[in-house]
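Residue numbering begins at 1 within each chain, and the chains themselves are lettered A, B, C, D, E and F in the order written.
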Amino acid sequence: MMKKNCTEGIMNFKPINNSGAVEGFCFVKSLEIKKTAKGLPYLDMILTDRSGEINAKLWDYKEDLHGDITVNIIVKVRGTESMFNDAPQFRVERIRKALPSDQVKVEDFVPSAEYSGESLFDAICAIVEGFENEDLKTLVLTVLKRYREPLTVCPAAFKLHHAIRGGLLYHTLSVLRLAQGVCAVYPLVDKELLYSGAILHDVAKIWEFEVSEAGIASGYSVEGSLIGHLVKGAMTIEQIGTELGTDRELLLLLEHMVISHHGEPEFGAAVRPMFLEAEILSELDMLDARIYEISAAVSEVPAGAFTARQWALDNRKLYNPGLHYVTPKADLL
Amino acid sequence: MMKKNCTEGIMNFKPINNSGAVEGFCFVKSLEIKKTAKGLPYLDMILTDRSGEINAKLWDYKEDLHGDITVNIIVKVRGTESMFNDAPQFRVERIRKALPSDQVKVEDFVPSAEYSGESLFDAICAIVEGFENEDLKTLVLTVLKRYREPLTVCPAAFKLHHAIRGGLLYHTLSVLRLAQGVCAVYPLVDKELLYSGAILHDVAKIWEFEVSEAGIASGYSVEGSLIGHLVKGAMTIEQIGTELGTDRELLLLLEHMVISHHGEPEFGAAVRPMFLEAEILSELDMLDARIYEISAAVSEVPAGAFTARQWALDNRKLYNPGLHYVTPKADLL
Amino acid sequence: MMKKNCTEGIMNFKPINNSGAVEGFCFVKSLEIKKTAKGLPYLDMILTDRSGEINAKLWDYKEDLHGDITVNIIVKVRGTESMFNDAPQFRVERIRKALPSDQVKVEDFVPSAEYSGESLFDAICAIVEGFENEDLKTLVLTVLKRYREPLTVCPAAFKLHHAIRGGLLYHTLSVLRLAQGVCAVYPLVDKELLYSGAILHDVAKIWEFEVSEAGIASGYSVEGSLIGHLVKGAMTIEQIGTELGTDRELLLLLEHMVISHHGEPEFGAAVRPMFLEAEILSELDMLDARIYEISAAVSEVPAGAFTARQWALDNRKLYNPGLHYVTPKADLL
Amino acid sequence: MMKKNCTEGIMNFKPINNSGAVEGFCFVKSLEIKKTAKGLPYLDMILTDRSGEINAKLWDYKEDLHGDITVNIIVKVRGTESMFNDAPQFRVERIRKALPSDQVKVEDFVPSAEYSGESLFDAICAIVEGFENEDLKTLVLTVLKRYREPLTVCPAAFKLHHAIRGGLLYHTLSVLRLAQGVCAVYPLVDKELLYSGAILHDVAKIWEFEVSEAGIASGYSVEGSLIGHLVKGAMTIEQIGTELGTDRELLLLLEHMVISHHGEPEFGAAVRPMFLEAEILSELDMLDARIYEISAAVSEVPAGAFTARQWALDNRKLYNPGLHYVTPKADLL
Amino acid sequence: MMKKNCTEGIMNFKPINNSGAVEGFCFVKSLEIKKTAKGLPYLDMILTDRSGEINAKLWDYKEDLHGDITVNIIVKVRGTESMFNDAPQFRVERIRKALPSDQVKVEDFVPSAEYSGESLFDAICAIVEGFENEDLKTLVLTVLKRYREPLTVCPAAFKLHHAIRGGLLYHTLSVLRLAQGVCAVYPLVDKELLYSGAILHDVAKIWEFEVSEAGIASGYSVEGSLIGHLVKGAMTIEQIGTELGTDRELLLLLEHMVISHHGEPEFGAAVRPMFLEAEILSELDMLDARIYEISAAVSEVPAGAFTARQWALDNRKLYNPGLHYVTPKADLL
Amino acid sequence: MMKKNCTEGIMNFKPINNSGAVEGFCFVKSLEIKKTAKGLPYLDMILTDRSGEINAKLWDYKEDLHGDITVNIIVKVRGTESMFNDAPQFRVERIRKALPSDQVKVEDFVPSAEYSGESLFDAICAIVEGFENEDLKTLVLTVLKRYREPLTVCPAAFKLHHAIRGGLLYHTLSVLRLAQGVCAVYPLVDKELLYSGAILHDVAKIWEFEVSEAGIASGYSVEGSLIGHLVKGAMTIEQIGTELGTDRELLLLLEHMVISHHGEPEFGAAVRPMFLEAEILSELDMLDARIYEISAAVSEVPAGAFTARQWALDNRKLYNPGLHYVTPKADLL
């Protein structure tokens, strides 16, 4: 995504009369409380909307006056722009949290999946409804419905692939679609087992991040770090499966698929995949993440150019052959 | 594949009258010329047909009498069975190479792809005929047609995945079908570039093995060991592309896909994949090989059991969940 | 342990009159049903008692006559010894499973921990009874008591360290004693957290092996392979802790200690240890296993000599300095 | 250790009348001679005492006036504080090296072990005095006494664990105490051999660093880099053992323990540990270093928080469970 | 190479009368177009000549006035020096590209091999002229002569070893000389095969870099990244060898030497060296690069000191024993 | 070396009249005392001379009759040949150790360097005599002369490269000759330092093996395993250098070269090479070993063929291009 040159119009802000000041809604991407040389507190923020981002300062920060301004929320600001060290800077004069009555939509301010969380959720459930194996159908639907709300906003990652609002279901449905492609070629694959694994493999990511109400991960939770979404996912299946009386062999298979889906211990797998559907799930998870990350990286450089080395992709630099590329996007619905 | 218990009827051999002797066609899977304690030469062979295999000895081997019996050919034998060290052994009385007039089909004696090499070849060409990019269409078709004959019998490996007659095109079309599945989900992928890479990635395997006329690889060729099918494939594309005047950027992209398709240097890639289609090709190649190898390994053990550790699969032991498994087989045509 | 030279008296068997035959109880260490050249079934076994082991054959095996003779049980045999290929062989004439009325003790026939499972169990419980943290005390005692029976016989490994009857609690108490030593030096360590982790770290090994009634592991269970004792252990803590209403932060800490106690992903840890007590547990677990394995390996060679390379110890060969060595043994009670 | 906010009182300096200037003793933690835009030399220093640290500048540096001010010494300074770029800065007006008549104690200005070097030394010797093996007793005591002076001030590391004055003996005695704990559980261990190795394993660190008279390592010596303390330690044992006529087998064992105590070649071991006591020493050395580093890292963050990734601890981030933590400290005397 | 202190005379520039301004030729080592706070474009450059380098700014950059000033060319500048943030800065008043009529020599401004490209080229050809094997002689000479022009200026690397004008042939001849030394000791080595490999191993580096007319590599070309000089080198040999009708076995051997000369896959080898001459070539290539890099690194520090850690040399720090060192230089002609 | 077909004449044994028996001297390559089925001891040996090797049995072994026959000595035998399991076997009738009066030369029976140990020793000393640096000259000559006797027979390895009588000096002089070649190209190298390191790098191998009087290593000594020839070599230099008062900086440099000459910790280096001469020594040591091992391996297969995978050469299979190969041999004198 090319960053908008902020000197031509300040983000999507609107001018206020001829005062030189502008006003609008935006997202607080980062925020630090600092002190001036005189020891007075001020806010140092990065504000974003769909048109770009800007460094902003609120010089006379008083919590009782301005309210509890935190990172990862939507605010309304008023202020003026100036240049500082060759870079535009926004001096905030007024700031307040967005109110329900403002009727602003989170999706308009944060990077979000192209499909709504609800539509992705419904598409996944529709596939499960068609299962013949009643145990799998009941178990997977129960998990999905019990955690419907967090699932529809959760990102798939903190940084890296699908680190966007709704990214978790977006990635989940992508893997499911890829799995359908594999099953069309290889009928020997146990289709419903593979699909169930695909749907449940990352479900415990809803506990892995600290996620703001805007669906943005701001870091790992304690549980996310100490246990991780692989083991937590298996625990969730064990607990709900035990409640439902699911066949124990099926539970073992599903739990194995979840704890092995990172493929290699060095990538976080608790065990290596030990049967065909677990192996396929692990490879499709990797494939989907790689497609997302490579196309995201490459979309930042022009055709015929290489990206910088990408740490998350084995430190490779990547080439943009510039043939057909568009913004990374899957055809899911 | 369960080995047939050879004591109930000797392979598919037919009894000859009531002599106790039997007779039939079979494939020479291995052959050594040894000497008895008295220094007389004899042949120690393993003979196979679709029903099993048996150790066979020809005690009075004389080349001028029996002709040039070698490994990896089809022969007609007559002889009798006996037990030796708890194992059945076949004593050969007569042996000769199969003649054209015998009208035996190689496919009936060696592990072969389920589809004929010609039908796989035609299916691949049909996909290429639909390309919009004329350079790619011409280049890929020229390569295919120039090497049509060896391509239709070549195995995909010496040991391991698709080590069967016709295995190369079988694997190639499988990867192509998987690629179609990915393109259906991700329209941003350059479809024709990916398909071209999928078709050409292993094409130089036709020079990598010593292949008998029966389409069985008996080892690596000198060129296969010293150069390998990755670099040889890129050389072939360079040479034919130069002849045809193919766009040089396209040649670079295709050559890169071929020399990078093993993904990691430690797995034989000359460079790591550096653009999206190269990465996808590399992952689908791995996925297809793994599906083949895992289902082949698992089909040897009963449901609920583990295989021995598989050296070619990171030394994993694999589990047969025993749900739907059938012999490894793709739906390709 | 030096293997007894079996030619001087056959194991602990007793001669029967002057018949040349002997008779006694022993343990069936391995058993295969084979067929003679004539196709008749016979049993090929290795029989052991505390004095050594011997290869044994029962030539006329009939299940309805001899009963269901399996591996890892105690039997009474009668027979005679002879030499075969330079090695003594025992020809079984009579065989039957040991009966309760025989009053033989399993511990007399299989390698067992020097302390009884019950005494180890009681010593561990006594330590937990002294905990100040009521949540930890209740949780750990509940787990121990719920699985008291399998815990008292389970080995700690299939091969390798403490692969003996009762080895699991033996290893557990050893780690606990080492942990007490560390806490004496470093008072900053949270003693009860570390002790709880030490007690629970391997508890799910009771599901990891196929264990015979004699407390001998004959292989991994399906659950042991697909899930493993680390994740299964965390699931057990989660389930029982949820039942008991244990503090959730404590549960997270304990579960983390269990899934991280192999230290490195390549050694099977699902995550790396992330706090002090988890790190100490992981290192003491390694230390205890190494002490056991090295002293067991070294006790096989004389002072001043090296063992063969030990696969489980990074392929090292080990030296016996021959100063004070005795059979590996901890002072635990 | 929380850094003191230097704006409330400048370190432990004392105000001089009402001049605004302050005065006191402090340690020169770093020092660079720089030049102003006009080419005049000035000193840019970091000064520390137990209450914190401050950046200090001496603007008109003349060596003949101020004397030879170097890093890692104690000085008396007088000056005034001001703010520069939001950070406090100290302008030095007078500076001189501390004199014996000032009676300042090094321990009050640099991070030091909690126990005096002498008391640690005596505690170690007391253990050796109790040895039954005369060769070991004589050898170890000779080494200790020959290098008593440098041993009592030497740190155990340049950065990382025990990088404090007296840290070498602190670490040595900690490992010795841990070894006592292991011997209490495992009587088969050769106690005096293990203790001797524990005492001598790092003894050559006295040559590995450039250590100032204040006992602070400021870098590696040429010998420390080219030979290292493992090989140098073995040479020292060889030389002194040869002088004393120590049993050659004992010398080999001790030298092996010293050159193998880093466990793995990649961590600097010249050979892997090959007998039990060498292995135990290597693991306890690692355990003690890890306890120190983890508790030091964790003490910087509040309960419930994670540290940043720790390069020296496999790049792990570490959690502070916040149960009982206090400053890292062993109970040694 | 010690950087000249630029305050004593500005590079090799000449003063202009008494104006305070100076004038001279220099090389544009780096160049960025930046904007002032007011949005006016200016050039920020690093200019070098043999005496040192200086930061330079051209404040009023207008392309139509100053012409197309780019990186890696020679320019004539006039201007004045001043201090900025303790560092000298050069304010450019006039600038233009050097003209043929200026008769400046590139070698005087950029780091160049000590021998001219032509003399190195001739020395290599002279060795080939003496070959007995006509196929090798013809092939190697044809390659050399076809690419004579780029070969004589190309550097051997972008960063790292021999990253200087003419560095490719300098490195090539060094390896050839080392190979002569090996053949003198080991007559069993096939001398002409080894020499041919040594000459051709890096020849495709002429396509690997973006090289300015001054013979300075400013980055990798697309072909250099996607194909690399190993595979491209083998393609070149294949193509020219096919043209010339060279013996196919010889071509395979040479191509193998080229694609294996990095020794290990992780260092970029497409295959590992598989015969003696390929192995020797690979080791001499490494040896020559290491000699260059170590002596270059060490020449930056005084005798008795260590360099900083060198990323390209396994992160080692290197010692200057200060015995005989001079600037890295081989005796080649 | 092609093994002689032993059926045409039994080794170099001479027939005795027409008895069918033969007689001669040979080397006992391996020896085991076994027992027949009846419990009688017999010797099972492999005997070798320059013409081949044969399995031999002495059926009625009585130590008081036949004397102390051990491995790695020369014996005189008489006996007859027969076939057993398709392989020739030699039945020993008489056997005795070779006597001085037999005047057999060890070199005629064991693989030996082509040059005598004395001539290699003298050639090395001659080079040292020419040193200008008196400290180096005295030190190196003192070491050489003190250990002259074991140096002249010691092999360079137990298995692998130069595992022959006199192989240590053969390898030493080869490395020295290669070093001369490098110094001719790179005059900046400190020649005498490099040569000294080359001469001393493996000198402590004289203590590393158990070497029979015939100069054959039969295994590692305790010191060889626990300390290794790198650290032992540095200790030797330290001790002799201290005696001689050699410059301490020179001692550090030489000791560093010795303990770093395996290059990487994983190959046994105690530290990585840190200056130019140490690096060159390490690479030439590797190069010389590789030349020896590759040419030895390749000489076992015909031109155009590959060897089996060579464990000691990264598991590579190696190709025999069949151009000029002769038995591995350096031109050293």
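Just so we're on the same page, a contact is a pair of C-beta atoms (placed from the backbone, for glycine too) under 8 Å apart; a residue touches a chain by one contact, two chains touch by 3 or more.
The structure presented is a predicted model; accordingly, all values stated were derived computationally and were not measured.
J.: Please identify each chain that touches chain A as well as chain E.
T.: B, D
J.: So, comparing C-alpha centroids, which chain is the farthest one from chain E?
T.: Farthest chain from chain E, going by C-alpha centroids: C.
J.: Can you name the chain that lies farthest from chain A, using the mean of each chain's Cα atoms as its centre?
T.: Result for the farthest chain: F.
J.: Could you check if the interface between copies chain A and chain D is built from the same residues on both sides, meaning over half shared, or from different ones?
T.: Both copies, chain A as well as chain D, present different residues to each other, with under half of the numbers appearing on both sides.
J.: Quick check: how many Å separate the C-alpha centres of chain B and chain F?
T.: From the centre of chain B to the centre of chain F is 45 Å.
J.: What's the distance between the Cα centroids of chain A and chain F, rounded to whole Å?
T.: Between these chains, centre-to-centre, one finds 64 Å.
J.: Counting only residues that touch at least 2 other chains, which ones in chain C make the list?
T.: 222, 225-226, 249, 253, 274, 306, 317, 319
J.: Which of the chains touch, listed as pairs?
T.: The list of touching pairs comes to A-B, A-C, A-D, A-E, B-C, B-E, B-F, C-D, C-F, D-E, D-F, E-F.
J.: For a test of understanding, state which residues of chain E touch chain B in their complex under the given definition.
T.: Listed in rising order, the residues of chain E that touch chain B are 222-223, 225-228, 230-231, 234-235, 238-239, 242, 249, 252-253, 255-256, 259, 265-266, 268-271, 274.
J.: Which part of chain D faces chain A closely enough to touch in the complex?
T.: Spelled out, the residues of chain D in touch with chain A are 7, 83, 86, 304, 306, 317, 319.
J.: Per the contact definition, I'd like the list of chain A residues that touch chain D in the complex.
T.: Listed in rising order, the residues are 35-37, 39, 220, 222, 225-226.
J.: Per the contact definition, I'd like the list of chain D residues that touch chain C in the complex.
T.: Residues of chain D touching chain C: 174, 177-178, 180-182, 184-190, 193, 249, 253, 272-277, 279-280, 283-284, 286-287, 290-291, 294-295, 298, 306, 314, 316-321, 323-332.
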